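One structure below.
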């Protein structure tokens, strides 16, 4: 089978035997993958994302089960599944033990291969209405957005949410916010993307390039009050901008660090004065993922796929992602 | 009557007539006051705390009602009361409208006088067991601590809280945490203060001067897990230290900005990875204050008073506070 | 002006002078009213709902401000408003003091008149998109439904809610649930009403008359799990049926007592075994009402009005309500 | 080894071989047991508690690990542990799948034996400061009380809790409430027991036999407001009494059904009018149990043991429990 390993901070395509499963594992034939910003950080070996030599990267895949270990019980051959990035976080609170086994990163091989073998709790069944490509977009981007705007949010019907950008996480945040009846403001540097975001249900759009004082725009839209929640995918010093956008007792959900520059400055006096709540969001548990899938199926949510590359062009797909011109998710099809 | 006004960033003692009350106001003879760090920032005119010329500063006072307006109904002459710093925040969520009328600051005169006249909702009755001096310590320090460790905390019996320092807010946080059954770690630069903190109920003490790696101490005490909540009275870049001390999904309560240097740097990637919650805390509402007083009365909580100055020595008391060697509250007696 | 007073458990139409307002009151010309089951209980003098002789009943009205007292500040002449049934519950928790001044009941006159005078906090401005008739449906039915399915609910996008019946509260519950993305099951004794409920967004409908074992239907729809929340408008022994319908840790919202027979039997062992949560819901606060209006305006929610009677036919309208064949709200137009 | 099995609704002492463990099991030598009301219902075969013939009853035991299966990892030989009544409820929400494997009941053998073999997740390590007898009191009574007054309670320091009776659950509720700083009212039919309850920290006591109108006593103590939470161990129609005792938005925690008569009548109108919250409580998860043990260790909580019987006198111990004169827990020592 074909697969990629990281060597010298580069993806190298190789050919190896299909893995043999242990009794508690299942073998999945990968049909589609999706890219996350983390895959770039891992591949390029940025900071603590740097993996050991030979790592198989990528966390998000969808495929078909082709073999099951004799001590497994959750699936049968032929089941359609996606991977889970933090499979040991089945339910309950996050802990270092749970998060440290994230696949496709510094500590563990991922799914950038034609076949993968993992314990059965590394996978979750997907609804019929989703194609493999669509399902492959979910493990990181959709779950992070779900956790931020649904599970950990205290927003109610009609409350106002500000979504930064139009990448994978942001568009899922938009779609879930729409279904939950929030009042949605979204930002982008492109009028074209904002038009598409409006078609997806955003109530208000702000081009932060043409409106240098985009925070004032947020204030105008909210009658000077600010928003109830910001979904901040940028991180670093952008947290200070987000803090300016929320109303008293508003929430900032930190869901991303777009360029790996994670350290930013913040005014702790303003945090106090606004009684602000800043909340780190880390994908989510398997239970949350299942709840998300059920909600998506009820509402037939279609992930927004921006571009699909063939398996032999994964490096090109990564460059495309780095370029940052995507609207929604970038996928690989096998 | 005697009172202080701020002129040229200094307290000036003056003599004026006792104020005449309006129909909706009450007249209170001040018996005791307490000092907060904010009083220093206001008096010295630091940043946005700078008041207009002639401002009467100070927010925390206790006294006896000597006259009531004919449209008032809550009190009678002779009632013992304290002031409230944000009187318009009677209940519910914080809002700029509610917080902007804080007394003794940039927008409104305070209580540094022998007599003050305010609408009746600017005061709250105090339990009999408290002296005027003790009651005067409550409006800012006790209520902020109460809001941080009780109202907005999700800590349960036995969970671990880290309290930074031994000033007014920190010691109230210690006392309330003790009564709520938390596991308490407290820090100070003085072994003597830590000894006193232990006598007040702290389970673990850390001298951050003699233990340069005090964060490692926190980790040792918590078996490497970190704490459930930090009460951070320092603000600015100290937020980064606090972030290192919490466990996954732990809370950082921002309750103070000790030196007015409010801007600090923070790693937003760590916020995500830890699923941290950072929470700004701003004193509290009148309803919270009443609930706090009821809890204090039930448990006969005695505020820790460090030093008492006469009314004519308020400037000296402020210098003493600035010096930072206090353990608990600094008071003025009339 | 014309108005109704209750005499000998009957509505009597009378003619009196337009009320003179006090300094803190406003005068409102009523344009529309809506009926609630409570109006029947009050008029007929059932149990503790029995008012003193001469009471003006009804709580729900919409109208135009025609005069304002000189000590008022919230409104101007010409503003369009609705009444509030529990005006002293402005925010925060419920208390007997707040709820005991409900208008149009045993303790206080209501709004069944051409003009009414009340303090300004008895009213709330309404969005432009609502007609007077539509706005008059909101004070009790919409706010109760909002409180049950939004404010006090912990349901998330995609969770399942069971709504009993198709009266005023039930249909608002349906509309808000739809906007919040819940999975909705609704029951009725009429296929025709269920068809209309489906058009309003219900995912599943059950005719409890033709399906004697309607609880089994609920179980079939939820794969044997039960629902996350039941909105129970019936009360009394229906609580036992509701208890059978919820899943573990599910919620039963008690929002009504349709026939005044409020005492029912319940299995407390099942409450334990299911870790059930039963929650009494009592309209809501002014803050909740404003939040509801904002959400309704964002989504242009149109109340379902079943039938409109002229002011001279209020007794006929009450009989129609008692008959129970309505779908949505019954209104009076002036 | 000796053990008891239920035959014809009676405990029969028998002699069998020590069980052989499977690879995923551990063998525990039982050192102590405690009795719960459920053991009576199971033994006597009341309603759905009736087990199949030959069942080994009892859920609460403490002992020493004497052998571990080769696929286990949590414990070593010599570890001191207690059983868990619902071992599959490791964390997260309750579900029928989790609760249906409760040990010592209709579906599964329990621990009334000199040795027992179970999968390792059926046990939890105990703190050193607890004797085996003390530890044996925890699995049901302490965890239920913990779940009711700590995990699922929203009470804050100083809030008022009413605890019904002085059995095992009630006294743990008293001890945890004391440590959490609640204001505690407790009831009993015996002045002697109330005196002991006061010594354990109750602030107010009510003898419901000598004060026929004990609910009025509750109102007097709470200035006519009612309490924030009731811990109701009686169930059935006692729920109506509890409903009278709470204030608006107060909680009734249903934690027991003392005589198996679980059906009671309740006024659903009062539930609404008070915006009451009725909450079923079912022991708790393993995570909760561990958190409880940590809190108990921090505060060195000593369970209240009323009487200890030898293993050969278990039937006598059950009769003693049925008699209802105990204060705290009844134990068996081996």
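When the chains are written out, they are named A, B, C and D in that same order, and each has its own residue count from 1.
Simple rule for what comes next: a contact is a pair of C-beta atoms (placed from the backbone, for glycine too) under 8 Å apart; a residue touches a chain by one contact, two chains touch by 3 or more.
These figures come from a predicted structure and were not determined experimentally.
Over half of the residue numbers at the chain A-chain B interface are used by both copies of the sequence.
In this structure, the chain pairs A-C and A-D differ in their number of contacting C-beta pairs, and the larger number is found at A-C.
Per-chain CA centroids place chain A at a distance of 41 Å from chain C.
One inter-chain figure worth recording: chain A and chain D are separated by 43 Å, centre to centre, where each centre is the mean of the chain's CA atoms.
Across the interface of their complex, chain D is touched by residues 150-151, 156-159, 176, 179-181, 183, 203, 291-292, 294-296, 298-299 of chain B.
Those residues of chain B whose C-beta lies close enough to touch chain A in the complex are 93-96, 99, 232, 235-236, 238-239, 247-249, 254-257, 262-282.
By the touch criterion stated above, chain A contacts chain D in their complex at residues 91-92, 287.
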